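See the structures that follow.
Look at the two complexes coming up: chain A is in both, with chain B in one and chain C in the other.
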Partner chain A sequence: MSTKGTHIPDWLQVPFAGITPAPSQTKGQDLFPTGNWRSIRPVYRDKMPPCNNACGTNEKIQGYLDLVKRGKYLDAYALIKEDMPFPSVTGRVCYHPCEQACNRGQHDEAISIRAVERFLGDLGQALPKDVVVAGPPTGKTVAVVGSGPAGHSAAYQLARLGYSVTILEKSPKAGGLNRGGIPDWVLPQHVLDREIERLVELGVTIQTNTEVGKDVTWDALKNNYDACVLAVGLTEPNSVRADGEDKGGVHYGLPFLRDIGMGTSTVKLGPRVAVIGGGNTAIDCAREAFRQGAQEVTMITVESNTQEMPCVPEDLHDMLEEGVELMHGFAMTAVRGNGTVDALELHPARFTGAINASPIAVNREVAGVNFPVDQVIIAVGQHPSLQWLPAEFKNERGTIAVDAFGRLGNTNFFAAGDIVQIGSGQPLMVVNAVGDGKRVAFNVDRVLRGERLEPRAIPIDVITDLKRMNMTYFPHFPRVAQEMLQAASRRRTQDEVIQAYSEEQAVEEANRCFSCGTCNACDNCYLVCPEPCIVRPERSNGLYKILVDYCKGCRVCIEECPTGCLEGVPELDFDTGVVRMDTAFAITQGLHGRQAKELRELPNLPAKDIENWR
Partner chain B sequence: MSYTELTVWTRGIIMDKEGRDIVNSVAAAGRLEGKFAQAMENYVDNPDRTNAPTRKYCRLSDSEIENALTYENEHPSIVVLVEQTMVKGWDYMRGMPPGGTLVINTHYTPDYMLRFVPGPERLAQLVCVDAAKLAEHKWLYYRLGELGLDRLSTEGAAERSKAIAPDIAAPLIAAVVKTTGIVKMETIEPMIANKAAFRAALDELHVLPLGQAVA
Partner chain C sequence: MTTTTVAAKKRNVRINGCVAAAQAAKYADVDVITAYPIRPYTATMMALAQMVANGELDAEYIVADSEHSQLSIAHGASSSGARVFTGSSGVGVQFAYELYSPISGSRMPVQMMIADRTLDPPGDFGSEHTDALSTRDMGWLMGWSCDAQEAFDNHLMGYRIGEDPRVLLPQMVCQDGFFVSHITTDCELPDSGQVNEFLPPYKHPYPLDPRHPVSHGPQIMPEQGPPLQLERARAMEGSVPVIEEVHEAFAQIFGRRYDPWIEEFMTDGADVVFFMQGGHAVTARHAIRHMRQRGANVGLVRLRTIRPYPTDRVMNVLSKFKVVGVIETNMGLGSVSSGGSLYAEACGALYESDKRPLVLSFMAGMGGEAIVLKEFYWMTQKMLDAQKRGAIEKRTHWVGFEE
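Moving on, here comes the complex of A and B:
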């Protein structure tokens, strides 16, 4: 080999052509940059993990699981609190779209993200002081109507931004659907109370027993506050339009649960109870019915099988375990009885469209089934009650007309939660309402600061899927199961059914996370690089660097990256990184015959001149 | 009397043959036209390393070549880069007399590639041709990154080495011959195996004329 064309520093001058300093020699590598062999360049680029993307409020799930892995629970809790005001609540009630999206679900079993979230939420509840503080005061006031998930989330984010927030709640206790729609054996009241305390600690004022349209008028909202977020939710239960639905013994799902949650229930259930509907509220009602004294509970759905029911499969499974019977393909057409319920009349029915919200076709040509019951609970969805809302802000669906930013026309009124999401295709779930509340709060902030509202820039370009990742590095581990009370014992008590993770269990479960598309400092690239051209100051997420002067673009690190964070980008897409080298190795420019002239004459020189030949 | 040097920059192992096909076919066509011609490879570069930069040389002259035993082109007026990334790597413009031609196999435009060229003031034209696409090459050159996965196989290598310019060399030869006229089209075309790509390239060249007149 020669070193033609390469600038050779004095300290590396060698007496004979063909002697190449070894790259391991001190600074020897400076002589031969091999980066110009490369046609693609490895680049660390964190991508969107599917869980974060699927979450209704885009919690940084991969981020907090990674922190839990490393034992940094408080950091993890602080990270979760950026998007989620009450992780202890969603850690219990969330329908976890993140777990459905989890890539690990295609490998063995999805990560139990909700259980880890609950672990962090309970940790946060135990802290004497919350990690979140109110922002520097802006001097502006915002009213939030409703203290359910959307209202809570909006108030929380606005308080963090420094606004003076007042929540107006029509019930005697704050909590909205979190309190009134979710039974105690899923979400104990003291957990929710603590989260609402946290909100008050943040400086939010909560006025209970204050109903818009009765205690506060629209104009009062407009005049007394700089902005207002309407998160009133869907309060009125839907009817099934059956004959005799006004009889005693006919209950509606959400008011039934709400009265129990608020402690104002006077319902005494008989031994036989029927529940109409196949959704999550219907399931909660059926399970609550056992706890309220029912002996036999039958759920009557129009859906022809369990797969079609619009509910969380785990909850359905737990419900069946507790002994609820299912009757598919029937609609209630009449309530029979003299003043109270004696029996229901059922007719075969089906949905006319593909989705559960489509009209129901009832086959009245066959004789109705007489189904004897003592009470019936109807849980077929809710609709809003908006008599107080000026007509100009109502839309054709009977809900609030908002623009893409949740804003009512050009006013400082905004709306969030189920009230705007119904009919939008979004599932009406707690976490979606929280996400909506969060986004609307940021929009309120922009309007009050006089900035323009702009469509949310979605920073998602790639959602990491398994094809981008290297599964060789992930052995199969089963999911850490959450302990549950036995079906026979739990169906008579208000005790929490699903038990919390211990610290060890939470860490073990977080350790199963793939960190899809995100650098988690596994050091794999650092170890597999055949050249020493991946460097890091310390072992930490995203601190790896590539010495492009020496990277040959062999792709080993990219292929071996377990999480798919590393990707190959064509070298020509970069303006930088030009490594000019004349040619491989030659001492001087020009031809070999000429170049070696000094060397050819070298043997003729006296010995002392050979030592100092230059 | 005219004397022209053509230097091809290519990468070891993976596209070594393409570089060799270009210089060999141009030299052979030159001889058919009655010129003195020479084609050789540079072994100083250690070309038997995957991806390593290697050079192939060709010389055409009306009179006998005097420096026939000099194994490098000192003043190439035509330079071909068989792989686009090489534009960033070396001083391939070294020794080029004014009025030179640079041909690059790339899907980028000449305007984009010009920023990487050292000493572009010597160029008469910058020619970009998407040879990998024109030759309908399966994956070897177009998705270079996957090479590391499949370089153990020599399937089809014997058949490939018999034919002249069966792959991406054909459009590159077309680009060289059309833009410089170093040999006549009708002399070289019968040698080329992939005639479809050769002809397609004649219409698909992106030529950026620059300051100098073609030498």
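Moving on, here comes the complex of A and C:
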């Protein structure tokens, strides 16, 4: 009898024939975990969705779209508010780099992210009380100069961090470029007003009619506040240096829009209006010109076609739909007329180098074109006005010299927004200014807490390759279009051109989101696991857990993860605090567990013995 | 499992081994039969198919697409708590090889009838024990019958032994192809009341049942393998007293008494004996009677159960003689004796004996050839020569190919 006298120790007791409760039962696999089959283990590792990455302020776009899918609108609104103080504004005006980056664009059509953002922003506007609250008071004060997108964003984030924030605004009304640079039919005044109210509700003090250098001195800023964020923007319109630019009837883009926005405009347009410039402000001016009474509006650009124009294509499309004419390849060389404008003199022109980034060559060897108009609006960019800034902080571009953190030398002054970014290559757009304001606010916070400013060195894995996802789970489905006013009727009113999504539309559109690289609790892994060793305490993001002791590394969950969140990581890459054997055994309480415990004590042995051990 | 036993009266019939096996399955009221045709065992499945078709037997009769599937289905059916009958021959037995260890390891008392057939190549219908013997260490209870009656009895006893909660092991109930499977002999079929008394319904302690889910055959950690293998070894050894109990109970109820391990025929005063399994023993008995009349002290030791192997019993019995001639009827190419595998089984048992006989191995009955009387005389002469000489000429003789 060979088995006579045999004894199975307690820790190796096994049930009859290894028959155990089913894996789905409590303790169903306690006794017999996987063994050593697995060479890779599945890990939930969220990637950076391309939309989040492209957003100027890195809104958690995938996150709020996912919450909208589930009808959790308030949570979605709260999530967007972490990075964006005024989603109702950007939901209307943003040039949405997120949508250009959207992976769905490679599949059928990009998600209409801006429309969903607007849906959430308007939802937030309707709330009696905002979800965002001021942080616990730090007892420190920060001045923010300017209430445009960058200043608003910095003030908002600083208030959330518990600082006592005062905004100093030159104009009689707060809003900066949001108010002065964006027409009513894109962003109604009351929407912006409500967002500024929210900022005040957060405890931010706004002093209007207060201009730095005039009403407040540099020293006063330095002495009265613990820190100061300069977000003064670009206030002065660029000239095209044409003869006769000083005539009545010559207007400049931003002031033209600003005066209308502030309600102080005295401009009366004649029937024929020309707009000089091919950017977004020029487009807004051209479209506004119709609304201010013009009959014929012509846009004159140095760019030789629409592709070269530095503008949002769909705004250009809407502008052309409203009837604006385009004249490419010309520069305005003179304004003709006796005191007022009768006509423009135009000469063929082209960029000498890169489009929009090189000097313009005007061909005066040919006769100038006489172009009769009643008014001309010049919208070829802006430049700063910084007479009040101590010379030491000016740079060669004529803007504020800051370090990588937006800080002026070793002072507690910081700068954010267009005033810093002009010429940097970053688009001078609302969302970029918001992101700039946010980042600078966090840097102010660090400095005031006495921390060092250090660049964050975490590599970002942006998922842009559809092969990393499982596209079989995403049937083609068209984008939900936003309703628009008819071109013929809208060009005479200040009514909003683009209409809001209904709740159903917002959900339908959010449902199109791939959730690229991110767990959206689709349950697929839970369903396909053949073991099953995926635990789902409740259906919720990030709450799946893999019982790696039972996982055989079959990769089914990884292959079938629609979003590409699940990835396989070679076993030996794991360091769970135990010294792993070369064969990648899962460490359990058994023999290998014991061995692992002994292996853990190896460092106390001489190196030679360790080698013999293995 | 529900049973609808067909009442049957005790009767004497003339049937072959295949039909005897089918009759035993019917008396045992099996729940699931899995079949795949291959000669010569096919006759068993033909008989069972008729019984199911005629309503004599209420069972699921599943025709699989191969022997591998056949045994897989048998495994699953047994796991669900069904009494299962299956079978095969020759290369069919080999094709299902993967399943033998899982079935015994998961302790499923599947019963498999084997009518031996020579393995390929070339295609040879004749009997040779290699098909079943090659699986002898896979954890199945295993033994050979030598006629239809013994086959019937062994099948019936096999169920009771294998399904005993102390054992829970599958059984291979083997018989020689043709010599047993296709030769009609007298057979007493019992009264169904006797069978009801002898064989209780099958009940696995942990059947697969959706209402009480359990996990069969899980993956285990390497360190959990040894205790499970030890448990299998214990089960095999633990079957020994159960086998003896069941043979005793069988004798009480049916009146036929078998030694569970070894049949000794005319061994009183014998100097030389044959050690063999299966149907050629019938010819051997005849030959031995002749030779005894002529003064040769020859006898027969027939092994009835090879798994579990009755080591001590074999040692004690064979040690009584001067010479043992192992009749292989199986291939053990390059084995201990360079003949068959039974030689090693005999010698292994004898190693610790104080009185070791000389052991010869006879390659006889190969490829389905009959072992004729003349060959038994020839083998006896070889044994007597060795006895006289006090030494063997060589370990293995190829009978019919030597002078």
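Worth a mention:
The rule we apply is simple: the second predicted complex is superposed on the first by the 531 of 614 C-alpha atoms of A that agree within 3 Å, B and C clash if a C-alpha of one lies under 4 Å from a C-alpha of the other, contacts with A are read in each partner's own complex, and residues count from 1 in each chain.
Just so we're on the same page, a residue touches a chain if its C-beta (ideal position, glycine included) is under 8 Å from a C-beta of that chain, and two chains touch if they have at least 3 such contacts.
Only a predicted model underlies this, so the values are computations on that prediction, with no experimental measurement involved.
Residue contacts after overlaying the shared chain place A:Lys552 against chain B and chain C alike. Using the contact criterion defined above for the overlaid structures, shared-chain residue A:Asn238 touches neither chain B nor chain C, since it reaches no partner. In the superposed model, A:Asn511 makes contact with neither chain B nor chain C.
Overlap of the chain B and chain C interfaces on chain A: residues 1-2, 36-37, 552, 585-586, 590-592.
On the chain B side of its complex with chain A, the touching residues are 11, 44-46, 51-53, 55, 70-72, 74, 83-91, 94, 106, 108, 112-113, 115-116, 118, 144-146, 148-149. Against chain C, in their complex, chain A makes its touches with residues 1-3, 6, 8, 12-14, 16-25, 28-29, 31-37, 552, 585-586, 588, 590-592.
Residues of chain C touching chain A in their complex: 105-107, 168, 205-206, 213-224, 226-228, 230-231, 233-234, 237.
Interface residues of chain A, counted against chain B in their complex, comprise 1-2, 4-5, 36-40, 552-556, 558-559, 568, 570-572, 575, 577-586, 589-593.
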